[in-house]
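This is the structure I have questions about; it appears just below.
In order of appearance the chains are A, B and C, and numbering begins at 1 in each one.
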Amino acid sequence: MVEQIKQFFIQIGDLSRFASRFFKEFYKPPFEFKELLHQCYQMGNRSLVLVGLTGFIIGLVLTLQSRPTMIQFGAVSWMPNMVGISIVREIGPVITALICAGRIASGIGAELGSMRVTEQIDAMEVSGTNPFKYLVITRILATTLMLPLLVVFGDLIALYGSALVENIKGQVSFQLYFNTVFNALSFGDLVPATVKSFFFGFVIGLVGCYKGYYSKKGTAGVGVAANTAVVMASLLLFVVDFIAVFVSDIFYEL
Amino acid sequence: MTNDANTYQETVKSLDKKEEKKAVIRIRDVRKSFGDNHVLNGFNLELLEGENLVVMGKSGSGKSVMIKCLVGLMLPDSGYIEVMGKEIASLDHETLDELRSDIGFLFQGSALYDSMTVRENLEFPLRRHKEKLGKISDTTPLVLEALENVGLADAIDLMPAELSGGMKRRVALARTLILKPKIILYDEPTSGLDPITAKEIIELMRTIQKKYGTSSLIITHDVDCARVISERMVLLVDGINYAEGTYSELSASTDPKVEAFFKK
Amino acid sequence: MAKTQLQNLRLGIFVVLGTALLLFASYLIGNRQNMFGKTFEVSAVFKNATGLQNGNNVRFSGINVGTINAIEMINDTTIRVHMIIEDEMLNHIKKNATASIGSNGLVGSMLINIVPQKGRSELIKPGDELQSSSKVGTQDMLRTLNVTNQNAALLTANLIEVSESLTKGKGTLGKLLNDTTMANDLKQTITNLKYTSNQANTTFSELNKIIESIDLKESAVGVLLTDTVSARKTQNIIANLETSSIKLEKMSQDLKEITGGAKEGKGAINYLSQDTTLVKQLEQTMKNIEQGTERFNENMEALKHNFLTRGYFKKQAKEQKKEN
């Protein structure tokens, strides 16, 4: 038990050291711009379908599930407000981030893990390319930049899914739906959610890279790296979300 | 302890004998341990210019650790390592990178980048070290030259996953050669290959050495490989350079620990 | 190389689209908060801001035309609310328009309604102060409803008390209802009265006949003196008359007794008419009931226009129509 707690703090400490190394090396040239673009493509475009599908279903289900209750309250006309705000504020960023934690963090963990195991990272170092810059910084940066965009798409598709239900079941036109949603939204909803998504992206990239980069030897190590990357990233996401709510509370009175 | 001291004395003597040849790698009393596992326990080694030196040892005897210390992938706990007149531990990142461009490293599992084609794999070392070869706008001739050296010019646009183990090793060798290094470090060049492919790789190593006049440090546990390629051998036992000599000298030794290597 | 080009192209499209969406969303939101586009500022002074916040909507004749950008406390009963309104509205809002604080639905956010008034007036200018009027807001409505409810509860409690005492025969009204002997007495008295007056009637008619007969014969006195039969008759009549009058006197005495009793507050009816506290109480109760129903009506009317409950009332109206 004591050992587990100790391990936990060691992990946190290692992760913090890894993060500080990211910020230290981030400013120093050379910049691996081409690799960054490649990673952005891998993480952004390749996750789009997954995020879109999840978002669509979430929007659909959320609306279908809350409709009966709203009808009981006689507040069906408030569905767009409720669904819109909950998607933009919380559900969109969190669901997208979780999906990406599953797809991207595990992907990075496995990829870097296997590169570590097969000495590809050493090979890079020997051939004069800083693997931390080439592999880690580009990936963390890519997730940090791509996640907010994915969240925007996820939100939009989720809202579309919700509007579809309202349109079919409640005879609410798409125009009315989106008008109501945007009337209900304020910068206090959009800005914290967007800022939050950057941090979500950072966490996903950081944890994935950390787990992969320090993967243990052997093929089992790769699996462990991928697995723990997802678990740790998901947990950290919620922690970050929790903190984000408090911090945004300071800037925007909720 | 006496044995250790004797070996050390012998090493010094043997070094004195070959004073006419310059040493490109010097390792003095290097120690490295992982927790309670003392992998290197005062290891000494010299690689002379243009020489093929084989370091033999059992798996887990610290051969890979030693070779990684040479290129700064790991730092020894104590001891002195000098490559081409520069002490590795004292170098900053840039000078180390510069030095590394003169050292080729063939990794145990080839270590080709899975996500890149053969061409991109070969181009990768050129990204940082273009200065060394002068300004080059088109890397294709260089890549092709390196691939022709290993007889795989056709494979230029394949992915590593499409290659066999032997081909991978050859591509890895080509990648090592592309910067025209002065020293090549081979980490188990024949491991995981069938005997015929292994022989091909060894032949390739010899041709390359003749062609470019490189110095080679080969670590292996493959006796056949050692016999064919070695000019001089060092046996790594218990973290020290236990015995030294040519293949015929060592294979004739009666020391049980040395004999163990050559038993079939 | 062509592959990476294609990747970069797709990535570019993705990034541009995503950024554009984000910008578009912020534009839509910002548009509502009047961060873009030309605006002007006016203010209005209220006694109570009733939970108004920065960013709440400002409506002119029901259309969202702006937002509240500052709420300033001038003193404990004066609160100045600054509003930012679209420039276009300069052509529509007149100086006599009044601003009131309302709410968007029963549980909705607060907003300011600017309502145009009848009569001619100049158009508004930036920096002007609008007249304010306090209208029944949701909160007020709920407060009145609360008071009404409390009143209604008091009322029913009183009613229960009253009816209880009525049945128990405690109060004067109850006594009246319950006292059967008294009722019988009253009935008897009235019958007596009737009987007496009947007899009086006959007596008088007989007397009339006699007087007529006296007239017909030479002289009444002569007849009286000479005719013994008639003298006896007359005597009899007079005796009759006497009894009648005695009876009458008794009757009137009885009546006098009743009315006297009533006056002195002994009778049941008079209890009722003379107990002023009870009368006042009753009056108050009736008034309360009246007031309560009035307020309730008012609230119901307001509720009817409320969009949360509007659906319910519409539905009711429809059902009524159907029934008719």
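Heads up, the rule we're going with is that contacts are C-beta pairs under 8 Å (C-beta built on N, C-alpha and C of every residue); 3 or more make two chains touch, one makes a residue touch a chain.
Predicted model, so just to flag it, every value in this text is computed and none were measured.
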Exercise. Using CA atom means as chain centres, which chain is nearest the centre of all the protein shown?
Worked result: A
For this session: Averaging each chain's C-alpha atoms to get its centre, pick out the one most distant from chain A.
Result: C
Exercise. Using CA atom averages as chain centres, what separation in Å is found between chain A and chain B?
Worked result: 43
Seminar exercise, completed: Cα centre of chain A to Cα centre of chain C, whole Å, reads 61
Exercise. So, what's the distance in Å between the C-alpha centres of chain C and chain B?
Worked result: 104
For this session: Spell out the part of chain C that touches chain A in their complex, as residue ranges.
Result: 4, 7-8, 10-11, 14-15, 17-19, 21-22, 25-26, 28-30, 32-33, 55, 64, 307-309, 311-312
For this session: Please name which positions on chain B make contact with chain A in the complex.
Result: 68, 71, 73, 93, 97, 100-101, 103, 105, 107-115, 124-125, 127-129, 175, 179
Exercise. Which of the residues in chain A end up touching chain B in this complex?
Worked result: 30, 111, 114-115, 118-120, 122-130
Exercise. For chain A, which residues are in contact with chain C within the complex?
Worked result: 34, 37-38, 40-41, 44-45, 48, 74-75, 77, 148-150, 152-153, 156, 182-183, 185-187, 189-190, 194
